[in-house]
Amino acid sequence: DTFALVTINQQALFFNQINEGAQKAADAAGAKLVIFNANNVPSAQNDAMENYITQKVDGIILVAIDVNGVKPAITAAKTAGIPVIAIDAQIPEGDNVAFVGVDNTKAGEDIGKFYADYVKANMAGTAKIGVIGALNSFIQNQRLDGFKKAVADSGQKITFLDTVDGQNVQDVALTAAENLMTANPDMTTLYATGEPALVGAVSAVTSQGRTGDVKVFGWDLTKQAVEGIDAGWVTAVVQQDPAGEGKAAVEALVKLKKGEKIEPIINVPVTIVTKENVDQFRGMFK
Amino acid sequence: MNDIGNETYRVRMTGISKRYNTIQTLDNVSLSLRPGEVLGLVGDNGAGKSTLSKVLSGAVIPDAGTIEIDGKVVSFSSPADARSEHVEMVYQDLSLCDTVDVAGNIFLGREPRRRILGVPFLDKKRMHDEARAMLDRLGIVIADTGLKVENLSGGQRQSIAIGRAASFEPSVLIMDEPTAALAVAEVEAVLDLIRAVSARGVSVILITHRLQDLFLVCDRIQVMYEGRNVAERRIEDTSIEDVVNLIVGRKFQARSARRSEDNGVRP
Amino acid sequence: MNDIGNETYRVRMTGISKRYNTIQTLDNVSLSLRPGEVLGLVGDNGAGKSTLSKVLSGAVIPDAGTIEIDGKVVSFSSPADARSEHVEMVYQDLSLCDTVDVAGNIFLGREPRRRILGVPFLDKKRMHDEARAMLDRLGIVIADTGLKVENLSGGQRQSIAIGRAASFEPSVLIMDEPTAALAVAEVEAVLDLIRAVSARGVSVILITHRLQDLFLVCDRIQVMYEGRNVAERRIEDTSIEDVVNLIVGRKFQARSARRSEDNGVRP
Amino acid sequence: MANGSVVSIAIFFLVVCLLFSGITDAFLTAPNLLNIVRQSAPLLIVAAAMTFVITTGGIDLSVGSVLALVATLSAVTLQAGLPWPLVIIAMLLLGAAVGAIQGFFIAYERIPAFIVTLAGLSVIRGIALLITGGYSIPVEATSPFTVIGRAWFLGVPVPALIALVVLVVAYLVFNETRFGRYVTGIGANAEAVRRAGVDTRLTTMMVYILSSTAAAAAGIILAARLGSGSSNAGQGFELEVIAAVVLGGTSLFGGRGTLVGTVLGALTVAVIGNGLILAHMSPFFTPIVTGTIILVAIWLNFRLFRGAIRSR
Amino acid sequence: MANGSVVSIAIFFLVVCLLFSGITDAFLTAPNLLNIVRQSAPLLIVAAAMTFVITTGGIDLSVGSVLALVATLSAVTLQAGLPWPLVIIAMLLLGAAVGAIQGFFIAYERIPAFIVTLAGLSVIRGIALLITGGYSIPVEATSPFTVIGRAWFLGVPVPALIALVVLVVAYLVFNETRFGRYVTGIGANAEAVRRAGVDTRLTTMMVYILSSTAAAAAGIILAARLGSGSSNAGQGFELEVIAAVVLGGTSLFGGRGTLVGTVLGALTVAVIGNGLILAHMSPFFTPIVTGTIILVAIWLNFRLFRGAIRSR
């Protein structure tokens, strides 16, 4: 059997861990896995899927960039009898057989709620927060929306200062984060919606010497983030289980191939990593 | 050629000035030209001859001064304006498009067209045929009118520029050193051409450093010096020695512009 | 000037051929030059004069043929090789860098330097001073050696190219139509220059369409026609009429190249 | 150079095709070949227009952004209930207007094209981002609009047909009309063309109108094919387009352009992308292999055709 | 044009600075200004080298990829225990080698620089990806290596000092040496320089060695500053660098270059980015406003200085 995995890019650890999880599961099942990297170009994903359809692969796993734009390709695959499983980004009313992953809006709400509770408990219920986002990323926008909703619902006195665009690139995020801090000397907390943004945020807090008075919240652990958690100024990081997602997707395809039924939504839970539970993730960054 | 006393001018330029940064290239210069007249415009290098003629062809916009064509005041803001008044010029730097072929350069801006389904396509066959005829008339040897001009020899390039300007029924033809790169037979052809067009009533301005040519085709000579008019002579009233002295600005012995036998050339 | 019978040649080119696509630009051409000799190289437009001289200056690599300099066979794969044999050339298309200033163009490839802390910096003051002196020697009026050459007049540009080639003690100096754009006094200066350098033993190849100039400075004339040698004459054995006929390839009446008084020019 | 280059890229294209036919079974099948032309329709259309721009010695970096803006606006206006023919006309006009504005600054105000269109790239994608808020906007799959991107006609995908028509028209305009002549002339010596009495500024502005309109057409096709408008569409598209044009033999310095070369250049890029996927190349190696193939092949061709191209 | 442009960009720079000083309190403070120079050190260093490349009439699209490769390899080699001075030397040599390879194809094999460096862009970032496997590789915060990116010396950040030294050297080389002369000459008329007996091919190759080495230096600084090497570093960096150079008044057609202009161009880009964040501009408007400011300001300056630049 040959399965194809169409991913977004390979410059974030997240996607590579999906690839690894999927590869392990495919090896275990004795299947061949081919991976295509769209390099952030939405239409390249359609191109690749169409190519795989003409080649008649046995199943496609898709990490979509443009969740609406991939629908025609998914439909074409379905027509050709090739099952498609979406990972990470759900396809609205899509023809994919299943979705594996995290509900980003929901997880955004979770970390938002965690944040609001933290502000209530440790900052007397008032905080000013700056955001480092990636405007061109659909799921990161969802993470921000969920976060904002939960914060608003919490009723704490939290002011949203500026949102800056890190463009999902570390050095851009770093420069933007530094300028964000200069612009808002009274900022007390930071929220980074993805891995490059978090790396940029962590470096910026260090370089501006603000480790004493800014608390960082964000997504996707890295070594620097772990060190920040140890030092106490990185408070909480949402850690997904991308390898688990990749593995689950391949296993679902294998099951389908054998004629078994699968769930339409396969949830892979996230963990909010804090000082308490950071030790179990330390091993990833050696 | 018309009577010189006649007051109908084809071209009258008065008070033309042009300054480039620190250099006053043209300083209150005048020029007039009658129908069918051939005017020789001479002067030292950098005297402003090219700049003055570019003003008349619309390629340079002067800081001050007026131009009249056939008694009507005109104001040229681009070469297209001058072309529509039938002023054509052979530029000293030739102004050819290196990557366009010979025929294309000759017809640049005036390509013949034919309509196919109402769409005006280039009539390439006609362009090449007419270009070939034109080159033959000027006695120019170019193997193929489809060659790109970038690889032609200096004289071949100059011939193309001349062919272009002369072929479209100008009423004023300005030639800025047209024969500089030409061999002896081609020079003769250009001088013949000037005589022929002026006989048809075309007014010609000839800029050249080959002073002996002036005496073969010109009716009148105008001398410039450092951006100013310094002298004007009817051809009958002057000689090479006189013109040399006017150009240099002092008494000057130019062996290269003297009568040949003084140079030890056997007749 | 050396004895013509003498067998020591400064330059001997034999069997030079060069083909461009369909055109055989040079076809088994030879050329020889003695120390201190001035050779006039003439021919119709497109005859191959420029191409032949570019072969000697290293700018064109021939398909066949050998070059000897002072009896030694050389093979030039770039102009740098020819320059190191002291062959200098004034190119017909001048080859100036438009955005570099006058002094910079004159010294291109040979900028004087001075060491500051061991680092060789350009000696700009010396460049400008020497450039100024060189221009004055050639009688060229250029306001400022710091001007970019793109805005200079045709004659000024040509003067710079000449100044560059002549100033670095060449042993062979090739001038491809050096006087085409020059005014009368500047032409005299260039002819004087040729006489002066040849008296110092420099061999000169002069390509020109101003045939009267040949008789003022040349020792010998070589005529090319459609890429081939067709004739060679010692200057004493020929006349303008003869040369014209050789260039054109048949009996030809060139009024522009005839003795001046025949043209009605008053002495 | 143009002619030598066309031969060179043609041979290169054939070699690449043969290579992939050998390695993978699926490559040389009708569905796959039709896939390739359908996928590369936007690239072909914009590259044809970009050939004009680059031949004048200019550049247009904003085409990817225009594509994104048009894709999102098509989706938005369709969602708002505008009839689809109106949407198409409005979007093409929008493209022309964007091109006219950029062309005005370049041709009449003489600001370097690189700066103007780089500013355009930033502003136009910014507007697309602002409109969508970073989300992607769906187009109803039932809308006749999607025909443009998905339907087949006479056994050929509609986008490929559109590209074919655009290419034929572009070829004729480039080689057989005054406008095309002046485009080449401006790239070779703009002052000479001006002195010949041609309105060079208008001609220059026109090429930017062409490229932006072509980008708009590409945006429409993309939105129709994907059934969605996303402000992410066409990221890096400008480099891909310019690469196709330059690979085809058009000189970035202007004056030498070839539309046949551009088509071959664009198809070569598309075929390499397609072939490497079919050959199951690891994604880690794909960029390395793509770059190396292009470089080595161009290099070999330059070596083989050096004599033909320009000998000293 | 170069001179008129330098005045133009200088005025523009001052206006932008005054504007942001007026709108925001934080802009005109020492820490913020030092932040700006520190942030823009990689841009300044690479833009200085790119000025040479563009002045020869070339282009180097691979600088962002070289930066990423060096950043990741620095992190990898440091992790492997190599001493930091060795790492720095090895990385600079690697940059020079990459430049020499690209320069060889451009100068000696005469393949258009755009194609060579675009292939380089793809291959080199591909290698960086392959090495990291997409992971971002940390640099120990305690390593003396990080000094290069983070330390201060005499009250000035070290990256800014490095940039200053590079700029002064580049200025002298560009304006006061034979090499700089030939760089300008090659852009104006390469054949004329060749005929003057200069080895134009070597000179051309050298400018690509310069630009790749500068990109390597920028990669080292970035890795030291971020404390991590990531293969997605420097995405789109090439366009930013070229924009700074062109904004400064260097012509993409070659022959006209100015290092002072480049510095002003780079700082202008950096100041606009910084100032808009300080002015609390919504990120959705940032690209729109950035592009508009640049275009309008350049336009005003072209209008005001048109006479000085070139009159017909």
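Note that the chains are named A, B, C, D and E in the order they appear, and that numbering of residues resets to 1 at the start of each chain.
The criterion applied here is as follows: a contact is a pair of C-beta atoms (placed from the backbone, for glycine too) under 8 Å apart; a residue touches a chain by one contact, two chains touch by 3 or more.
Values in this document were obtained by computation on a predicted structure and should not be read as measured data.
Chemist: Could you tell me which chains make contact with chain A and chain E both?
Modeler: D
Chemist: From the C-alpha centres, identify the chain that is farthest from chain B.
Modeler: A
Chemist: Skim through the chains and flag the pair connected by the most C-beta pairs in contact.
Modeler: B-C
Chemist: Take the average of all CA coordinates in chain B, do the same for chain C, and state the distance between these two points in whole angstrom.
Modeler: From the centre of chain B to the centre of chain C is 27 Å.
Chemist: Could you grab the centroid distance between chain C and chain D? Build each centroid from C-alpha atoms only and quote it in angstrom.
Modeler: Using C-alpha averages as centres, the distance is 49 Å.
Chemist: Quick one: report the Å distance separating chain A from chain B, using the average Cα coordinate of each chain.
Modeler: Those two chain centres are 73 Å apart.
Chemist: For chain D, write out the residues touching at least two other chains, lowest number first.
Modeler: 129, 133, 284, 286
Chemist: Quick check on chain B: which residues sit in contact with 2+ other chains?
Modeler: Answer for chain B, listing residues that touch two or more other chains: 20, 59.
Chemist: Which chain A residues touch at least two other chains?
Modeler: Each of 10, 135 in chain A touches at least two other chains.
Chemist: Please name which positions on chain E make contact with chain A in the complex.
Modeler: Those residues of chain E that touch chain A are 24, 26, 31-32, 35, 39, 42, 129, 133-136, 138, 141, 150, 222, 225-228, 230-236, 273-274, 277-284, 286.
Chemist: Residues of chain D touching chain B in their complex?
Modeler: 172, 176-178, 181, 184-185, 187-189, 191-199, 255-256
Chemist: With touch defined as at the start, can you tell me which chain C residues reach chain E in the complex?
Modeler: 57, 59, 78-80, 82-84, 89, 91, 95-100, 104, 108-111, 113, 119-122, 124, 164
Chemist: Please output the residues of chain E touching chain D within their complex, sorted ascending.
Modeler: Going through chain E, the ones touching chain D are 57, 59, 61, 105, 109-112, 114-116, 118-123, 125-127, 129-130, 133, 239, 242-243, 246-247, 251-253, 284-288, 290-292, 294-295, 298-299, 302-303, 306.
Chemist: Where on chain A does chain E make contact in their complex?
Modeler: Contacts found on chain A: 9-13, 15-16, 133, 135, 161-165, 167-172, 174-176, 178-180, 182-183, 185, 195-196, 199-200, 203, 206-208, 222-224, 227, 285.
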